[in-house]
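Please find one structure pasted underneath; my questions will follow.
Letters A, B, C and D mark the chains as written, and numbering starts fresh at 1 in each.
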Amino acid sequence: MSPEMPLREDLIFEQSAAGRGSPALAPASGEAPGLPPGLLRSVPAALPEVSELQVVRHYTRLSQLNYSIDTHFYPLGSCTMKYNPKVCNRLAMLPGFLGRHPLAPEADGQGVMACLYELQAMLAAVTGMQAFSLTPMAGAQGEFAGVAMIMAYHRSRGDHERREIIVPDAAHGTNPATATMCGCSVREIPTDADGDIDLPALRAAVGPQTAGIMLTNPSTLGVFERRIREVADIVHEAGGLLYYDGANLNAILGRALPGAMGFDVIHVNLHKTFSTPHGGGGPGSGAVGVGRRLEPFLPLPIVGRENGRYRWLGEAERPQSIGRLSAFMGNTGILLRAYVYMRLLGAEGMRRVADYATLNANYLMHRLREAGFRLAYPARRASHEFIVTLKDLHRETGVTAMDVAKALLDRGFHAPTTYFPLLVPECLLIEPTETESPETLDAFAEALAEIRELARSDPEQLRRAPLSTPVRRLDDVRAARQLDLAWRPAD
Amino acid sequence: MPYIPHTPEDTARMLAAIGLDSIDELFDEIPPALRAEGFAGVPAGIDEAAAARLMQSRAAQDGRSLCFVGAGAYDHYIPAAVWDLAARGEFYSAYTPYQAEASQGTLQLIYEYQSMMCALTGMEVSNASLYDGATAFAEACLMAVRANRRAGRRRILVSRALSPVYRRVAETIVAGQDIELVELPLRDGRLDPDALPADAAGQYAALALQQPSYLGTLEDVDRLSDWAAAQGLLLIAVCNPLSLAVLKPPGEWGEAGADIACGEGQPLGIPLSSGGPYFGYIVSRERLVRQMPGRIVGRTVDVDGRPGFTLTLQAREQHIRRSKATSNICTNQGLMVTAATIYMSLLGAEGLQRTAAACHANTARLAARLAALDGVRIAFEPFFHEVVLQLDRPAAAVLAGLAERGIAAGVDLGDSYPELGPAILSCATEQRSDADIEVYAAALAEVLDSSEVA
Amino acid sequence: MSPEMPLREDLIFEQSAAGRGSPALAPASGEAPGLPPGLLRSVPAALPEVSELQVVRHYTRLSQLNYSIDTHFYPLGSCTMKYNPKVCNRLAMLPGFLGRHPLAPEADGQGVMACLYELQAMLAAVTGMQAFSLTPMAGAQGEFAGVAMIMAYHRSRGDHERREIIVPDAAHGTNPATATMCGCSVREIPTDADGDIDLPALRAAVGPQTAGIMLTNPSTLGVFERRIREVADIVHEAGGLLYYDGANLNAILGRALPGAMGFDVIHVNLHKTFSTPHGGGGPGSGAVGVGRRLEPFLPLPIVGRENGRYRWLGEAERPQSIGRLSAFMGNTGILLRAYVYMRLLGAEGMRRVADYATLNANYLMHRLREAGFRLAYPARRASHEFIVTLKDLHRETGVTAMDVAKALLDRGFHAPTTYFPLLVPECLLIEPTETESPETLDAFAEALAEIRELARSDPEQLRRAPLSTPVRRLDDVRAARQLDLAWRPAD
Amino acid sequence: MPYIPHTPEDTARMLAAIGLDSIDELFDEIPPALRAEGFAGVPAGIDEAAAARLMQSRAAQDGRSLCFVGAGAYDHYIPAAVWDLAARGEFYSAYTPYQAEASQGTLQLIYEYQSMMCALTGMEVSNASLYDGATAFAEACLMAVRANRRAGRRRILVSRALSPVYRRVAETIVAGQDIELVELPLRDGRLDPDALPADAAGQYAALALQQPSYLGTLEDVDRLSDWAAAQGLLLIAVCNPLSLAVLKPPGEWGEAGADIACGEGQPLGIPLSSGGPYFGYIVSRERLVRQMPGRIVGRTVDVDGRPGFTLTLQAREQHIRRSKATSNICTNQGLMVTAATIYMSLLGAEGLQRTAAACHANTARLAARLAALDGVRIAFEPFFHEVVLQLDRPAAAVLAGLAERGIAAGVDLGDSYPELGPAILSCATEQRSDADIEVYAAALAEVLDSSEVA
């Protein structure tokens, strides 16, 4: 849009007029007799008073300010921003599913329970685990469930001293944060120059205090941990268990089973590998799978089947469970989307996911290497993602990974993940996913190459990017210092 | 190939560029012993039409009963515009708004959401959502303990009228950190004021109440709030946000108001959906903001001085603070917040107030109608939009009889509140007509008359 | 967006790659044995071969290039671009309605037929007519039905010489075009300086050749035809009938009934007054209503009711009908949307439509008059729309109505209708509708005032407008001369 | 007020600005005798939830039978993406793209649509849609007559195998212009070549055929096309666009190809929707483009030389040419074209071909299965995806019996083709499974066995 017409939209509050509103949307009467007056609200809440058209126009326009999969290439590393098939959404929102109260009789939910039961089994099959619980509502809650199960297992064996969780230095922030939430201490271990775990350091780290280790494989460095069986042996021999952070499962779906690698427990981000939408921040699902040892500890509820009827298994059937993680059973609607996705792809289609996610990543890595970019792990195959480090470019030109990210926005691409993993300086973690065409990858590589040229010829221009977005670079320091977290009516 | 755009020529060209002969070679770093080929136990793929037939037949089995269940999730009417807008691809298929310039839509919406939740609860700061009401309560407990870190207080007083499942979930979540929830007993379905410990000061981090309570009753929130303040306890309020269109907001309870409020956002435009996704909200006083879990959006300006929105106070979060973060939460329930924000905009304070009032009035009508039957009595009054009905015979059998008649009549309170005897918790939202209530009453009369139940 | 990143989207064909495509969307096999080889296609049609993600991204982006009610104020005169409630769409697309074959048994369509039956009755009530047929698929087809009925009526009386249709010079183009399609000749009559029909001219025009007259009231000049009863008497006395073009019904809904004005037949644009969406050009519905005289001639089918069951009335029941205008029964889904809209508003809500449509138009007219704009009919009340003429401005500055329209696009407003009606030079026909807030009207008036200033200070800038749209002014002459109407594969 | 944003203060402020005391005064130019107040016969308004309940109960009565009806509208699977995209507000709530710069989305889409229709039919130009297949045929007849204006030919030869309802609609529409449709008789369900008038040249404007015919049969299009060309008649082809993924496109019929093709676009992603909205397509040779009715989009360049799209050749249209326009059409079926364009993009030529082939195969299976029953025979072969089944007893009673068993079995041909005796037209699209076919067969066997039908 033109400079005169910034793509800016007033707050919905600023469009409000007292007495406006959409009366067709609520029951006619507002009487609530019989409630004690002292407990009632005295002044109506300062919500906007706007017409339905104003609401539609406002949120339609706001939506247009976003980059999204449906509008842009979105190679955000570690996030698996692949296409979310529309049909999954449509079928998960069929009235029978959507209108059902979670505490309605089980006879009234056999349809949804059949889907969930089969989903449990399919997830076990694609991960090589024994049993699944679908209740965790995101990856981090899956991690919580996993570590809590590890702790419950040790406790059940009287092993109360195991309260330390090992994580690689490259681990996602949720891993250490989860360990803390579970009451564990965290020990970080280093990664070697090729991105593999430093085995001597691991050997030195394990001991009677070791509860377990949390790993992703391929790791957040975008490479496959080649000595995973040795890692497993070291940890198991020390009496610890292995947790698999399934955020990167897209890389190996059908090519390798975490269960076979020696993992005892895994969470799967259905909103990544199984393509449920990210929704601008959620909801997701972090279903957890376990080997036989941990099965008694799975979080509840779980769908069981008896005589052709499905039913919820709860505390009575699973007295050793770590308990419940949600008021009902987690993000059912998301589970249904993942279920439909898995049925559409089937075994064959799912195997192709890893194949083409990996092909796309390696191809794009190759293109960028050719264009002169420096790779963080040049000797390694990319998994479904890979890391470019702009350390040299930064030294030479002062241009940062942030500058490059913003310049990509101006060129119609969402930026890759920046500054994660923390151990690679000025990094871009790039994950194209299997649903993007080679043409898109080529265009993205060309944009990055052009930006790299510009960094040398006119770095100032990059520091001013982005220019074409609804706002330009924002003052984060001011945001944190002069907190403005909510609109308030003028007095 | 489903959702994979590569033609055979594309694949060949790309492999050639990389210098490989086959896709298999891409995986040559995986030790041979670990390589798998396909999956046992996963059926072959189906086309979209077949998937539609399958899911339609599954959905046709579900959700046919007439709903009088509440207990934390409520059957409200959702205006069509809510999901038409929330399901737009630009909201639906975006990630967490890390790149602020490319995510102003989501960011401004979250800022508006935070503003609305503050307005509804009378508090100053809100985060961008938690998983659900139960986990929001757990996070509120953790937050209260963190705020008391120096005092070392790790016990929280919790009313027995606070949702039993919320208490269970919170216990699962706080257990590892050696935090204890201490239950306070009830009298007449509400917290018994005489049972408040005289020596609470210095012993507990917080007092947690639910208003309206799980049992539908109304706590004397002003008095309890003042008591907590006097004892130096934080007050955690668990509230149905829709009820706050009618009831006093927690920010105004007593002299000082609650310190943290939280709860289930589902009543604000989120479909029942067999249990989720819903979203948890959490709001607090500004002084507690650095203990807040989860994402928060702030308004700031860009380099040209134009207003814009960005994630802020990220130093609380796992991706920055790692093991010292306020919570491990990363992905939250963003899309549900999108829907709730649109819902609140459409209804406004007046629409919410009318909806809440209609729920109350309908439940009052339902209760009166059912209590007219022999063997049914209303346990507690006043109630908001849920009512405990005590029965003269086993609740499970009565509920089963009603279920056979197509009525989801409520929740059996036997497990959680055995002291009530046979009792169920029922709810009639604004969606239930007088005719629906009559259907329930007639079916209940029939069940009570029949020999099905002792 | 920035100048480097024009809001441009390649043709879907240009994104195609042979062998791509979405196999999940079609049955697995393509065998069609048993068809004679000589009748088969030899080369597949040159349709795009793209992935589902490409399709989603392409059409999502294309959609964002549009102005629409849901994103912009759209004061297009004569078009009644009011808010289309989302719920109407939702409820018209319920599976029972959507999945039903039109020739399925009537017992399987009692739901939709009940709605249509009630819609017939409600439309009769709001227009003051006797009976309705819902089958015409847009206003122009409603006009066709109306004139065909007039002709059938004359024919049924042996009155074969009446083949002339009178239209005012301000009439919408569909009116004369329709008359021609019905085999009539067209006689135009002038409008007087106040926008009313020139009665002496009308008296002079009528005669034994007069089949009827087609009028809108309020007329396309945005004013109410005050002597409508005299017009009716003149035409009726001459033996002709009166046709009411209901495109402007929004202006008088609940305030005046066309039936009472003396009209014999009317069409109603449900996609205007009854708020069904315009869909970027359609579909609409042009339901026709008649007085008792014309009832036998209504187009078929019509919904009848007997013993509590609904059924289709066809040729057997209505032997004098002009016949059928569609293969089935017209735009049923649009009719359902209008039905829901009418039920939501009810009698009271519908009356308010005209009230606030008229208030908005008169208020905006007032604001523009104050800002120095010249009105085409300054002595008249606006109906739901009004005309500004830029004749003076054009003379002074060279700026045209077209320039002003384009400058409005740059300011985030869709343009009013320009150069219609043809008899007002450099005109803008402005229809705000009742669903717009006064704030929006104020902002629009300010934008127009600013443009007017600019016309005096810097007319060149206006001639360059628009600058902020995905494309700038297009070469229409080239479009018509060097026809490029379809993409073709390169040989 | 529903959908009206004015607060009482707004209204007062606006009236004051205009200088009026009341809204009533706004209508003071309406003669008092004509002023009305409200409406008898229109019920009071209801809220959105009540409307939803009403329509849900209405919709629940409809569309439950198993569909084997075709006859111009077909039950195809529509991928979810089609309407998710077509229903986006920016498409849904835009007007006809008069302001090209503000409508490039719609305009480019129509250009793509035109391109796809040309590709499918083998013709050079397409318009942006007409109302439906029947009116498209009527417009094609008018177009053919206009193209023959100088020759003054106003009669059109029409095959009796062309949809009877299309012929009826065309007659309604062309009647006023003294144009006559002259029917050509059939042999074996196809146009009888021996009945072609020897003296057609100079007498008729065009020959009109349907392929596949209304009866599902396949005409010898090459031969008929050549005959028409030899006689100097234009050839009008009425085709199901989906069938053209398999069948020879009209542009390639015979030596010269058809001159105009048209038909019903519903099979391309449009729901059955109880009869509409669908859309008519019309395509022709480039030399006839100035006779084309309706809107046409062209590609051109803007002042900066960038490609862009705009409505073109508007001098054919009513808003410019008025009484001399090629048609009175103004509003067309734009949104349906949006859906169809997305549908064709998603399926591509191969997906369409597979869908069409599956329909053919299913109908063949259906026909064989039904013909195995006593009293049922297949009237004509080969057929595309509809089959005429001749029965040994009254068709209406058989259809009624099947309807009672939940099967919409087809169309009774008795009124339109009495010469066939008792006969029905059935269709099994790709949506009908073998199990569905078995249900039909079993029900038909039962009906034929029962005493319900003589």
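Note that in this section a contact is a pair of C-beta atoms (placed from the backbone, for glycine too) under 8 Å apart; a residue touches a chain by one contact, two chains touch by 3 or more.
It should be emphasised that the depicted structure is a prediction, and the values quoted were computed from it without experimental measurement.
A.B. asks: If you apply the touch rule, which chains end up adjacent to both chain A and chain D?
C.D. replies: B, C
A.B. asks: Name whichever of B-C and A-B has more C-beta pairs touching across its two chains.
C.D. replies: Of A-B and B-C, it is A-B that has more C-beta pairs in contact.
A.B. asks: So how far apart, in whole Å, are chain C and chain D when each is placed at the average of its C-alpha atoms?
C.D. replies: Centre-to-centre distance between chain C and chain D: 20 Å.
A.B. asks: Can you compute the centre-to-centre distance for chain B and chain D, using the mean CA position of each chain? Integer Å is fine.
C.D. replies: So the centre of chain B lies 48 Å away from the centre of chain D.
A.B. asks: Report the inter-centroid distance (CA atoms only) between chain B and chain C in whole Å.
C.D. replies: 46
A.B. asks: Multi-chain contacts in chain A: which residues touch at least two other chains?
C.D. replies: 17, 20, 22-28, 50-54, 56, 60, 64, 69-72, 83, 85-87, 89-91, 344, 435-437
A.B. asks: Hey, what residues on chain D touch two or more of the other chains?
C.D. replies: Answer for chain D, listing residues that touch two or more other chains: 1-6, 10, 45, 47-49, 52, 79-81, 84, 87-90, 430.
A.B. asks: Within the complex, which stretch of chain A touches chain C?
C.D. replies: Residues 1-2, 4-5, 15, 17, 20, 24, 51-54, 56-57, 60-61, 64, 69-72, 83, 85-86, 344, 410-412, 435-437, 439, 467-468.
A.B. asks: Which of the residues in chain B end up touching chain C in this complex?
C.D. replies: Going by the criterion above, the answer is residues 1-10, 45, 47-49, 79-81, 84, 89-90.
A.B. asks: Using the touch rule from the top, collect the residues of chain C that touch chain B in their complex.
C.D. replies: The contact residues of chain C facing chain B are 17-20, 22-28, 50-54, 56, 60, 85-87, 89-91.
A.B. asks: Along chain B, where are the residues that touch chain D in the complex?
C.D. replies: Per the stated touch rule, the residues are 48-49, 52, 77, 79-80, 84, 87-89, 430-431.
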